[in-house]
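See the structures that follow.
In the two complexes below, subunit A is the common chain; its partner is subunit B in one and subunit C in the other.
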Partner chain A sequence: MNKVMFFAHLRDKVGKECLLIEASGKTVAELKAEITKEYSLDKMDTVMTAINEEFAGNEEIIQDEDVIAFIPPVSGG
Partner chain B sequence: MKDRYSRQTLFPGIGKKGQEKISQKHVLIIGAGALGSGNAEVLTRAGAGKITLIDRDYVEESNLQRQQLYTEEDVWEKLPKAAAAKKRLNAINSDVEIISIIGDATPEVLEDQIKGIDVIIDATDNFETRMAINDISQKYNVPWIYGACVGSFGMSFTIIPGKTPCLNCLLRTIPMQGMTCDTGGIISPAVQMVIAHQTAEALKILAEDYESLRNSFVSFDLWRNQYTSMKMSKAKFSGCLSCGDNRTYPYLDRDSMTKTMLLCGRDTVQIRPPVTGEISLEQLAGQLSTLGYKVKGNPYLLSVEMEKERMVIFKDGRALIHGTKDLTHAKSIYQRILG
Partner chain C sequence: MNYEISKEAIDIQAIINKVVRRDVGAITTFIGTVRELTKGKKTLFLIYEAYESMAVKKLEQIGKEIEERWQGSVVAITHRVGRLEITDVAVVIAVSTPHRADAYEANRYAIERIKEIVPIWKKEHWEDGESWMGNQLETVAYPKGRPEEKDLNE
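Coming up: the complex of A and B.
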């Protein structure tokens, strides 16, 4: 199982700070697509992903027990 | 004033040597809104040698809740932020030379100002300018410190050319519809937390204590009590057009910029974003009406009544701003809503 955490407006959209999802073997891009569909989110192309607190690209493959965080870049200042 | 910096030089990370270095350095701050005000005040009090501030807006009432350099008088006088900030910063510390530039931080302006700059602080409200700062930083080998916030959420990352990945490595493209303070609201503590992260890193760079720089990308939510620090050692992208081997600095190119055009005889400015894509008009309409704007729409466009102007936004990101002939002002309104 994988713990998937959401930040900023993604957290509001999903309605929870984190979810438990079986994502091992999937790429980051696949997980993004799945979540986008399930929670009718906007495209997550530019949302940054951390796996176990380390930046991960869209092609990276998720392992069992990995903790994933989705962090949307924001532009206010 | 001999005692002025005594508490800062007592701090071992800086010391007398570090203070001497800080006093000889030149900081470029892009934007004089919430992050710009706070960064400028901290670094002016800390005794930086010179600070150049660039901003295109004037002070409005809705700024006062978080933009710490401004007063009600500045609102009545409709002072440009760069001018109001300079007045206040000079009163805080007359040793620091403050250079204020009233205008848009276009790639041309950045190229003109970059000479002699030791660090660039990002205090803008849009990704287009950030990508231009990112390219300038790589081209002239000057570090910059990304900072942004919305709601109770904020983030920061220090970009050192040749060492860390750059913003283009992380995003690969300009995000469409990034949340802004005009769509998601903002509380002052989130601003202050970003300022604290940016200015601590700036002081390390100015005092030349590069070993102590943070290396990780921080983000936090002060209302939801989340804090995360993301390691970035694997984030550098070799094919990056801003910092990779075959770099072209794409965001210094005129074609990559938002185009503004005055429509003849109509008191209207047209805005075209650099990347076209689909924006979710429904979602934007929802956000804007929650904030009290009068919004009307159909599947093709959204019309938003603002205080003086009316903005019509099309699905591909193009917009018409009715009721102004000022290109810079129109672009500012657009980027406040669409990021």
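Coming up: the complex of A and C.
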């Protein structure tokens, strides 16, 4: 299983801090596309992805137990 | 612990103390505060949210980049989360180096990098609404799903 985390406006839109889903074997792009469709998310091309707290590319393959986080454009500082 | 996310008000002197060394000649401190007016619009208060464990890692990464680039530098950064009022301190960056020019440059580098790679978000609350802030002009896209090398290494 994989934990998928949401922050900022994505968290508001999805209505949850995280989901537990089976995503192993999928690429980041595939997972992103599924979630985008399921929750009618927009502007997802500006959203980065982290796997286990490190930025990951769209082509990266998700392994079992990986923690995925969708990172909207940041605004700290 | 030179890199922290804090739910409490930041003790500025405590951050500075972390970078004090006998062989440094300069310490610069950046204090980011909550501004009331942005382009004429009045902010009532802010909520900062962080992906805390990753944010600490990314602050550590920034510190490492600085220590590699500016010889003999020492860095400490604390970013606050939760509800902040106007004039509250949101972030404190302290950088010490042997000579002053490096301390200014490296400190500037740290705040710019925070705005690029550290997973922290602010929600602005106004009299007539609220919104999560990001890159509002939507000028930054990540077609590959992550920041490009040029975004990370400039």
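The rule is short, and it goes like this: the second predicted complex is superposed on the first by the 72 of 77 C-alpha atoms of A that agree within 3 Å, B and C clash if a C-alpha of one lies under 4 Å from a C-alpha of the other, contacts with A are read in each partner's own complex, and residues count from 1 in each chain.
Note that in this section contacts are C-beta pairs under 8 Å (C-beta built on N, C-alpha and C of every residue); 3 or more make two chains touch, one makes a residue touch a chain.
These figures come from a predicted structure and were not determined experimentally.
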Practice item. Figure out whether A:Glu17 sits in contact with subunit B (first) or subunit C (second), or with both, or with neither. Key: first
Check your understanding: In the superposed arrangement, which partner chain does A:Phe55 touch: subunit B (first), subunit C (second), both, or neither?
Key -> both
Practice item. Return first, second, both or neither, reflecting whether A:Lys26 touches subunit B, subunit C, both chains, or no partner chain. Key: neither
Point to revise | Partner chain in contact with A:Lys3 - subunit B first, subunit C second, else both or neither | key: neither
Review point. Is A:Asp42 in contact with subunit B, with subunit C, with both, or with neither (first, second, both, neither)?
Key: first
**Study point:** In the superposition, subunit B vs subunit C on subunit A residues touched
**Key:** C
Practice item. Considering only the touch criterion stated at the top, classify A:Pro72 as touching first (subunit B), second (subunit C), both, or neither. Key: both
Practice item. Once the two structures are superposed, pull the subunit A residues common to the subunit B and subunit C interfaces. Key: 5, 7-9, 45-46, 48, 50, 53-57, 69, 71-77
Practice item. Using the touch rule from the top, collect the residues of subunit A that touch subunit C in their complex. Key: 5, 7-9, 12, 28-29, 32, 43, 45-50, 53-60, 69, 71-77
Check your understanding: Hey, which residues of subunit C end up touching subunit A in the complex?
Key -> 32, 48-51, 53-55, 57, 79, 90-91, 111, 114-123, 132-135, 138, 140-147
Revision key, fill the gap. The residues of subunit A that touch subunit B in their complex are 5, 7-9, 11, 17, 42, 45-46, 48, 50, 53-57, 69, 71-77
Revision key, fill the gap. Given the complex, residues on subunit B that touch subunit A span 31, 33-36, 122-127, 130, 147-151, 153-155, 165, 170-173, 175-181, 184, 186, 217, 219, 221, 224, 226, 228-235, 237, 280, 283, 339
